[in-house]
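What follows are several structures.
Next, two complexes with subunit A in common: one pairs it with subunit B, the other with subunit C.
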Partner chain A sequence: MRRVPQYVALAAYVVFLAFPLVWLLSTALKTPREMALADPTWIPREPTLANFADAFGEQDLVGAAVRSLVVALASSVITVLVSLPASYAMARYRSLLNRVAIGWVLVSQVFPFILIIIPLFMILRDLDLVNTLPGLVAVHVTFTLPFALWMLQGYVRAVPRELEEAAAVDGAGRLRSIVSVVAPLLTPGVVATLLFSFISSWNEFMFALVILQDPDVMTLPLTLVRFTGPEGVARLGPLAAASLMATIPSLIFFAIIQRRLKSGLMAGAVKG
Partner chain B sequence: MTATVTRAAPPGRPGTRSRGISRQTRETWLLMLPALVPVLLFSVGPLLYGIGLAFTDARNTRVHETSFVGLENFTRLLGDDEFWASFKIGAIWSVSVTVLQFLAALGLALLLNERLRFRGVARVLAVVPWAMPPVVIGLMWKLVYHPDAGILNDLLGTDVNWLADFSLALPAIIVVGIWTGMPQTTVVLLAGLQGVPKELYEAGHMDGAGSWRRFWNITLPQLRPVIVAITSLDFVWNINQFGLVYVLTQGGPGGQTRLPMLFAYEEAFRYRFAGYASMLGLAMAIVVLAVLGLYLWRQMRETR
Partner chain C sequence: MRIRSALAAAAVLTLAAACGGGGGGGGGSSSAPDEPVKLNFLSLAWQKESVAANKQIVEEWNKANPNIQVTYVQGSWDNVNDQLVTQFAGGTAPDVIHNDSPALSGFASDGYLLDLSAKLPAELKNDIPQAAWDTVTFDGGQGEQGIYGVPFLQESQVIIANKKLLDAAKVRVPTADKPWTWDEFSEAAKKMTKDGTYGVAWPMKSPVNKILNLSLTYGGTFFQTAGGKTTVKVGPEEREVLQRIHDQLYKDKSADPAALGQGTADPLPAFYQGKFALLPAGVYLRQQVVEQAPEGFEWVTLPGPVGTSAQQGAVSQTLSIAQDSEHPDEALKFIAFFLNGANQAKLAKGDWLLPTSRTAAADPSMTTGENGWDVATASAKNLVVAPFLKVNGFDEWETKVAAPVLQEYLANKITIDEAATRLVEDGNKVLERYQR
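On to the complex of A and B.
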């Protein structure tokens, strides 16, 4: 009986957290006719996937999704390539840079983006990189780097130094021991960092808004926002469908790191 | 050892230090270089440049002579009624989102820490907002608040255009802010709760302390460092919020949800006052650092 208020509270939380999600899903599955009803329905009477097809029919959205994919792939691959050697140095040599990198992660949180984005815009304009995807990739790499570095160096640290020393005893050169001993053990860490960088870039809105002003080069978040014009309710269905599809990469990411979340931060929260 | 690494040894010239150290230093810098270049070029550099811009009359156009104007932008800021209106909205937004989000997350974390059935559902739901692109969160809530096709009016039996109403728009986006930020806060608090030693509760039990007393005298003091850390971070994130609110209202109606960052964005990219907007950013950074410093200092003094 003592548990009753607790269950009521838990139910309230579930409702608060779930209802916007349910509504998004419901909107995505509705016909335009049902959307226009004066009395909105929770569960679509005649559920349809037409909105998803419509979203794919929108030239703008498909083009934007492709551009987002290109930017996110390029950003994540470059981020990992650039941070791998640095993370090795951070993990293996004691260095002030270690603390500087973590300090920079914190400092960049406190400073408002406007202070960085105005000069950044001016620099990119002088380099003729405004309204270009490479310009956005450069910015995404820069702002994912500190955290990616910090993630990767944790993985490098987990590779026992003795393994490298053993390889050296066996006559392997330094590079050789890194490539054939450290690299294979680092694969899970590299995959996790790649995914993290990919999602950061795929979801990013603020920098894209400033750097990409021409609708022809806009990424998915920007195009989704433009999609909500004053046209009324007719396009809400495709918008909801496209929004759901834009969430898929993040969901995959969270499904993959779920196990790590369980064993780490959420340890104990899942048992029983 | 640490100090030597900070300075690059000139390549090829063995210095006063032993050969091994200078080689290691050189290697460190070589490995770091690819990561350092973009960060310096696109992040540290622009930040310093931006701080400099705050003291100029720079316009965000190609054809404009920029000159140093000292504190002129700052005095203009102090006398700008629109800025103060935006500042007030920012203060209301960041304090209420941070506090309400913390209370809501603490409640949820306490529940998830109990052996309740179905808590798995709540646990998964609490992480979902984390996995969603901010833009999608904004659009989703626009659908909820939509005056015709939205569900909220139907649920409450009202007929309100939530995001376009002068007095309701700010509370409406505050709810979205809480929904969006709850996952991080909940996860961090839950981790903190699980770190509280069980023996303390057992001792409390033996002393006959009720659940409320145990919460007040054991849980809260033990959680304190975690609470201070997460509320500080939440406050910083909230006061610097831009994207979510841009998607929801673009600062409207009539500037009622124009957070400082939206105000600065308009100044910089619509009216092209780059210098003025930079000063606004700098002033906000100083305010945030001051608030944070005061908060952390008070917390540290009280724990002692």
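On to the complex of A and C.
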């Protein structure tokens, strides 16, 4: 009985989290007429798939989703590859340069991205990376990296130095102890960072908007926005249908690594 | 260092492997001598019918002009200016750009758009009235006026009415030739207010453009220029429409207070339920009524009320050519085709807006009584360039001064004198910064 309030609070939280998705599904199945009812309905009275037909018929949603997936996977893998050794160095080596680097990582987080979008665009143009997916990946990696570094170095700090020292006593060199001792313990942190990078890249709109110009390279957020008009007016039915489909890859990705993420969060929380 | 280099190399390799097939080709408008000219056309059409019309016209062009191939690129209204600022600065903007006339002023003065005044084909120039050309005529940054776009779609304010409630009130039904005066409109709204039903709804979440455009019916311009300096003015002409709407809300109590804070389309569910009879709105809102209204719901389109004149302020949707376009002549040829009379009629129908082309306006689809097209199209003759269109600093005045002040006044939190004082004093401080 003492746990009842906890369960009530948890149930309320689940409802809070599920509400947008359920409402999205409900809207995607409604006719324009039903969407305009003064008393909104949860369950569509005359469910229709017309919104899905419109969304997929008018826009290359599948192609855009594939491109978004490629960009998000490449960005998240590269982010982790770069940030993993860097975060180890940040956590383990104490020097002035290290402190400056950590400070710089923090400062980079308070910069409004919009301020640097034009210079960044110029750089990409000079590198012939405008209107290309590699260009977008490079930008996503650049902007995800500081937070990923910050995140991962917390996990590295949580790994006791004594473990590495014990490995050294047993004759392992630094590289060996990193690969065989530290890296396996960082798996939850790596998964959490991977997920963070993936979601950031998957949802990113502004950089994609200015970098990608050819319809054949546009990502999913750029495709979804085509269902919106000026001043917040939107074609709600097709937008809801397309948005619902856009959440699926993220849900699948999350479902696959959920267990590892959970332990990752716990590991970080307990040991950090 | 070696580790860092190895990581960088690995990153580049992974990136190349992951994305090798996905890249485009930079700006993409240059062509070899024997290759067709390639133009990028950034379109902001978003309604289903409008997108279809755009794509169809581009396809027709591409089929008829194998040497000038146009790529249709769909953008979005909410982000287009952020997108263009970056692409203009980087020299990779699309060749043909769809936008609206208020946005052109800044881009023109920064030298990003091509002045079309000496290049426009006579047929296109003559088919569009001067009042519409005025909406795209700006200072190009060197003190000379130029034409920086071709205006093709405009919006006027009409009244969408519940026919049953209108008939029951037994008021004179206004026509395009004999619209209601503001007095008649107020009287009609009062008559329709009974048994929990209001006469009118004023959704004023974004009140500035609506108030400024309607204020022209009494000659209210809100801005005056003397000695090259523009200042805000709120005299009797500017107060007239404001006061009348305020009276409907708080004196006559004929306006639904629930709609006041809503966006333009938000009151529609209540409209279908018969909670109010009249909804002053832009002509495009008819599309949503057609799509959403319950079966059996009868509605009509009425012309907007007139004061000392029937004039309304207008902005235009436009097609412009980027200054950096490598093929401006071909781009203009495409625009001339895209905006010929027949095509403008298709585009206007798709967006439920008014064509600027005289030929398009005479198209039977634009003059039919169905869905209020006759009334909407007839209202186009009253459109004049919106007074705020050429005011440097208008955007900031709108968001930082006018919108909050008008919202407070319409919510009855301040008097009209206080509103006028703040619009002028705070507004002039804003405008001054743009005129130094």
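Throughout what follows, the second predicted complex is superposed on the first by the 169 of 272 C-alpha atoms of A that agree within 3 Å, B and C clash if a C-alpha of one lies under 4 Å from a C-alpha of the other, contacts with A are read in each partner's own complex, and residues count from 1 in each chain.
In the analysis below, contacts are C-beta pairs under 8 Å (C-beta built on N, C-alpha and C of every residue); 3 or more make two chains touch, one makes a residue touch a chain.
Quantities reported herein were computed from a predicted structural model and do not represent experimental measurements.
Of the two partner chains, subunit C is the only one that A:33 touches; subunit B does not reach it.
In the superposed pair of complexes, A:138 makes contact with subunit B and with subunit C alike.
Of the two partner chains placed by superposition, subunit B and subunit C are both touched by A:121. Looking at the shared chain after the overlay, A:20 reaches subunit B, while subunit C stays out of its contact range.
In the superposition on chain A, A:108 makes contact with subunit B only, not with subunit C.
By the touch criterion stated above, A:254 is placed in contact with subunit B alone, subunit C being left untouched. The partner of subunit A that touches more of its residues, comparing subunit B with subunit C, is B. Of the two partner chains placed around the shared chain by superposition, subunit C is the only one that A:70 touches, whereas subunit B remains out of contact. In the superposition on chain A, A:6 makes contact with subunit B only, while subunit C stays out of contact range.
Contacts of A:185 after superposition on the shared chain: neither subunit B nor subunit C is touched. Within subunit A, the residues touched by subunit B in the first complex and by subunit C in the second are 35-36, 81-82, 85, 114, 117-118, 121-122, 125, 138, 141, 205-206, 209-210, 225, 228, 233. In the complex of the two chains, the subunit A residues touching subunit B come out as 3, 6-7, 9-10, 13-14, 16-21, 23-24, 27, 35-36, 39-40, 42, 81-83, 85-86, 88-90, 93-97, 104, 108-123, 125, 138-139, 141-143, 145-146, 149, 202-203, 205-206, 209-210, 221, 224-225, 228, 233, 236, 239-240, 243-244, 246-247, 250-251, 253-254, 261, 265-270, 272.
The touching residues of subunit B, counted against subunit A in their complex, run 1-3, 5-6, 24, 27-28, 30-32, 34-36, 38-39, 41-47, 49-51, 53-54, 60, 62, 104, 107-108, 111-116, 118-123, 125-136, 138-144, 146, 148-151, 154, 179, 182, 187-188, 190-191, 194, 233, 236-237, 240, 242-243, 246-247, 260-261, 264-265, 268-269, 274, 277-278, 280-282, 284-285, 288-289, 292.
Interface residues of subunit C facing subunit A in the complex, by the touch rule stated above, are 3, 7, 10-11, 14-16, 18-19, 22-28, 40, 46-48, 51, 71-74, 76-79, 82-83, 85-87, 89-92, 94, 206, 263-265, 268-270, 272-273, 275, 288, 291-294.
Against subunit C, the residues of subunit A that register as touching in their complex are 32-33, 35-38, 54, 58, 67, 70-71, 73-74, 77-78, 81-82, 85, 114, 117-118, 121-122, 125, 128, 130-135, 137-138, 141, 205-206, 209-210, 212-217, 225-233, 235.
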